[in-house]
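Got a structure here, written out as structure tokens. Questions coming.
Order as written gives the chain letters A, B and C; numbering starts at 1 within each chain.
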Amino acid sequence: MGEVILTMEGIDKSFPGVHALDNVSFELRRGEVHALMGENGAGKSTLMKVLTGIYKKDSGTITYDGKEVEFSNPREAQHAGIVIVHQELNMLGHLTVAQNIFIGNEYMKGVLIDDARMNAEAAKLFKRLNIDIDPAETMSKLTVGKQQMCEIAKAISHEAKVIVFDEPSAALTESEVSELFEIIRDLKKKDIGIIYITHRMDEVKVITDRVSVMRDGAYVGTLISENSTKNDIINMMVGRVIYEEPKMASKVPKDAPVVLRVEHLNAGRLVQDVSFELHKGEILGFSGLMGAGRTETARAIFGADIKESGDIYINGRKVEIHSPEDAVKCGIGYLSEDRKRFGIVVQRSVAENSTMAYLENFMRGLFINKKKERMEAEKYVESLAIKTPGVDQLVVDLSGGNQQKVVLAKWLVRNCDILIFDEPTRGIDVGAKSDIYKLMNDLVKEGKSIIMISSEMPEVLRMSDRIVVMCEGRKSGELGIEEATQEKIMHLATQEN
Amino acid sequence: MTRQLQKMPDLSKKIIQRLGGQRVAVFLIVAALFSFFCIASPNFRKYSTTLSILDYSYYIALIGIGVSFPLITGGVDLSIGTGLVCYSLIGGYLVVYQGWPVWLGMIVCILCGVIIGALNGVLVGVMNLPPFLATLCTMMMTRGLGSIFSTGLGISWPSLGQEGGWFRTIFKLNIGGYKLPLGFLWILLLVVLMSTVLNRTKVGRYIIAIGSNKEATRLAGINIKTYYIITYIISGVFAGIAAIAYSAIFASVYPGTGAGFELEGIGGAIIGGVSMTGGVGNIVGTLLGVFVICILKTGLPFIGLQANWQQIITGIVLITAVLIDLIRHKRAMKLVTAALKKQ
Amino acid sequence: MDKIRQNPLVKALGFNRIVLCLVLLGMYGFFALFANNFVSYNRILSAMNYAYFLGFLAIGVTFVIATGGIDFSIGPVMFCAAIMSGYLLTHFHWPLWLCLIASIVVGMLYGTFHGYLVAYKSIPSFITSMAIMQMSKGIASVFTKAQSVSWPQLAQENGWYRNLIKIKAGSTYIPVGLIILLAAAIICSILLNKTKMGRYFLSLGSNREAVRLSGVDVRKWEMRAYMICGTMAGIAAIFFVAAYTTVQPGYGDQYNNEAIAGCVMGGTSMVGGLASVGGTFIGVMIISILQEGILAIGLNKNYQLVITGLIVIVAVFLDVLSRRRKN
């Protein structure tokens, strides 16, 4: 490890309602692989976005190569030698690999682009990195893993001094991961500093020198990878900052009837042979890492995506669900993780949104009975404590937590018995969070059943009666609340097959 | 020996891949249509018919080449049809009524195309209007402008023999009573030129990139506004050249016409493999696609269908082409998912 | 400014609609000053002739734009309906009432076809619009062998349909058409704001996926918007011939833009989710006065094409701007 190339000190960043980064510090040396770990939402990506100029920091200093810097966009950071390999790919599917790598920096021969030279340069680059990709191949024809390799190659082509990898291994196969590690070791030798964001514990030992852990937007500490154990890191990541004590025991009677049974559900790469049961009055937590296939499972059950095979039983009776319409008729409601895209109709009012799924109940002949609609909406505005000037308010003007409650109201109006909450508290401030928790507990007391998908471990432990853990599209385990601990869940979620 | 045998189909596959499967298919359709009409009607076999197919093809091919560029960015340019008539009317008015030399009139045509194209580009790229709406407006505006300029009259550019009539020989040369379709040569040259622009220059590269993933292109530090404007200027310039071709082929130009030409150009491009979803397209394919439409257009009267059926047929052909494009897109997505699953 | 917006009376009528009415009055005043003999009942009647069919077209396309789509085949479709039903009347001697129904049915069939392609086959609506525009022109020409069709005059046999726009009462005319259009606008406004269908149109224009995930069959509803639009074009055809009697195949596309202009001026957003039939109604009145005024100050019809184009660009740009500011 060489001298320090990058230090970030006292970085603060707030978004409306969320304190995303709270006095975070970080240090990187030349030729070092520094792992950055933490749960989803711990602030790792935000920190990197502040570093590369995508976000503007509120306070704190960034010192790079001996000088204090502040980049106003990723391109500036790139020119200075800091590049980021994003988790989501920024590829141009219709262009070739070489054309992608050199986009914006084409080699020219007069007015014409010198594709031959670009191919040759790309081939040289691949050879140096020991990757087997044809530079003239069309990007969209490569596997996601290979595409990721191209992104990495593109980053390296920029003469970088610092490279940030944002969960590079998430989409890679095992052999591709070892290829990636070879590349990283090679980069290390060239004295390039590498920030490596990951969720996989076992990678820390294999490839990194140091590991820094973040939690809830704050810096927790740094360990030397060699001297640390998996448990050390997990303990640092999960901490003990839970708003309340976790549920100690399930209150659901053992013989509670099964309201929903899913058998051998298959839908694409991220839903493979998933089976589980949901009991009446139960909150079933779905835990796992990002991209483990939880949302995909929920969408397949709800009929939002096409499923390939699998049976769904509701109250013991087999049902055919081919569209959300069918699912709603079966009494299932789905609260999406992406409210803006899938949950609310932003340009319409609170009242209109809340009756969206059950408009037929508010008809008087041909016309919508607006009085009844408003009364029903007002009822839920009150019982869910939705903060809005009135039910005619456009949903776009509400805060995230209140938008979430409007979506919930939509399903309560429909009187759905089975509710799927997908990341119910994402992007919601702390106060609104406990409101949502209380609501969920009230709902199950009324005899409704809830599937709760959540990436926040304390939330899962606090709310669930049972926990299903998913890993890479498969169900990797199921835990009763009595036996579940954060460590156990993390082990199941990071299970290597 | 066996190894050689195994290699053979690989080679032919490679050749087809190089030429582009779609282009080969469209070429076969062109050939099949041509043969069909030749068999069905003796009159179709005459040289004069081939000439008239080519006559019709010039302006459609030109706007087809031009509109391929906005289509590849994921947009569209509806103003090219009425635009070409408008430019021809303006240029013709200046030549016929104001005594401007013909070459200057031709330059005016192209210049008008540049102006309207730049306007489209600003509306789409800078002001963020939906492309179809922005160009729908310029479509109507060019239609009105053309009529205003020509004071509502049809305009006849100088005919052969008159002063300035030489420009008609650009597209059809008369040597010893034998007519040579010179225009086809220019079309071929322009196809080669624009293929190069699309595939070998920064402009083309970034146009494809924008159609492929607008956000990623912007993040790569490319000023996409500029390239939107360039895209629509290309389309406008080709509408201008098409105006010259149209004036040279037809005796007169009438205000109020031109609506519907854009459909033939866009239809040709889509048949030729330009994808509605953006990012995909090639100019050779567009040319072949245009010929599918031109042969249908010229051939149908020979088998006893009135000229009016052409409009219906072009509509159906367009919808079919888009449907095929969408199905292809879906299948490609499926293949990618399948490949991922195998992993 | 904000104070005016908050005024309960202004709120009830809609700020945008009041501004539009002022524009309408201003425009009328402008032409009254600068055009000869503009202020007369006959002028208004003549302007209204234009407003009737355009009003039906614009109200129809308001539904489609509310769902986030577009239909610019309505002009030619209207012509096709007028030509086919007129041909049935004059050449096949169908009874008049049946021809009027036929006109509506033709429009509805086009709308259904259009809606099917957009909703169930996922073809972008501007492509289908283009294709259907051409097809409807072609079908009309094929039907009449490219002849234009003249509907009977008022005094002739079967001429009573012309009373649909105005009835002579003594020495003056009663503008029946205005009453019918107003009634249609009110019905459509109720349809859009008070029924399940209208609610779904607006919602799926705002966020199609969220509506689908609420368990609504979005494809069915999307198709219906186009059906209504087509049907309205069929009705517009009746009012077109009642005003002008003669229709020629191969034309009609200029009315697309004018209908869309009326729509976006009236506050219907091109991005979908926001629509106002009342606004469309006023927008159509503005376009109609504009076209009458342009003729009255001695300019020809072509200026209207250019001006309408500019109006649409400005109206849509303002819409894009206001949305950007909100986000």
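Definition applied: a contact is a pair of C-beta atoms (placed from the backbone, for glycine too) under 8 Å apart; a residue touches a chain by one contact, two chains touch by 3 or more.
For clarity, every value in this text was computed on a predicted model and none was experimentally measured.
Trainee: Write out the two chains that share the greatest number of C-beta pairs in contact.
Mentor: Pair with the most C-beta pairs in contact: B-C.
Trainee: With chain centres set to the mean of the C-alpha atoms, which chain is at the far end from subunit B?
Mentor: A
Trainee: Roughly how far is subunit A from subunit B, going centre to centre by Cα mean, in whole Å?
Mentor: From the centre of subunit A to the centre of subunit B is 45 Å.
Trainee: Using Cα averages as centroids, what's the distance between subunit A and subunit C in whole Å?
Mentor: 47
Trainee: Just the number, please: Cα centre separation of subunit B and subunit C in whole Å.
Mentor: 32
Trainee: For subunit B, which residues count as touching subunit A in their complex?
Mentor: Where subunit B meets subunit A, its residues are 196, 200-202, 205, 208-209, 211-213, 215-217, 219-222, 279-280, 332, 336-337, 339-341, 343.
Trainee: State the interface residues of subunit C toward subunit B in the complex, per the touch definition above.
Mentor: Against subunit B, subunit C makes touches at 70, 72, 117, 121-124, 126-128, 130-135, 137-139, 141-142, 145-146, 249, 251, 253-254, 256-257, 260, 270, 300-306, 308-310, 312-313, 316-317, 320, 324.
Trainee: Per the contact definition, I'd like the list of subunit B residues that touch subunit C in the complex.
Mentor: Those in contact with subunit C are residues 76, 78, 123, 127-130, 132-134, 136-141, 143-145, 147-148, 152, 255-256, 259-260, 262-263, 266, 276, 306, 308-316, 318-319, 322-323, 326.
Trainee: What residues on subunit A touch subunit C, complex-wise?
Mentor: Residues in contact with subunit C: 302, 304, 323-325, 327-329, 334, 336, 341-348, 352, 356-357, 359-360, 363, 366-368, 370, 396, 410, 414.
Trainee: For the complex, give me every residue of subunit A touching subunit B.
Mentor: 74-75, 90-95, 99, 103-104, 106, 108, 111-113, 115, 140, 143-145, 173, 268-269
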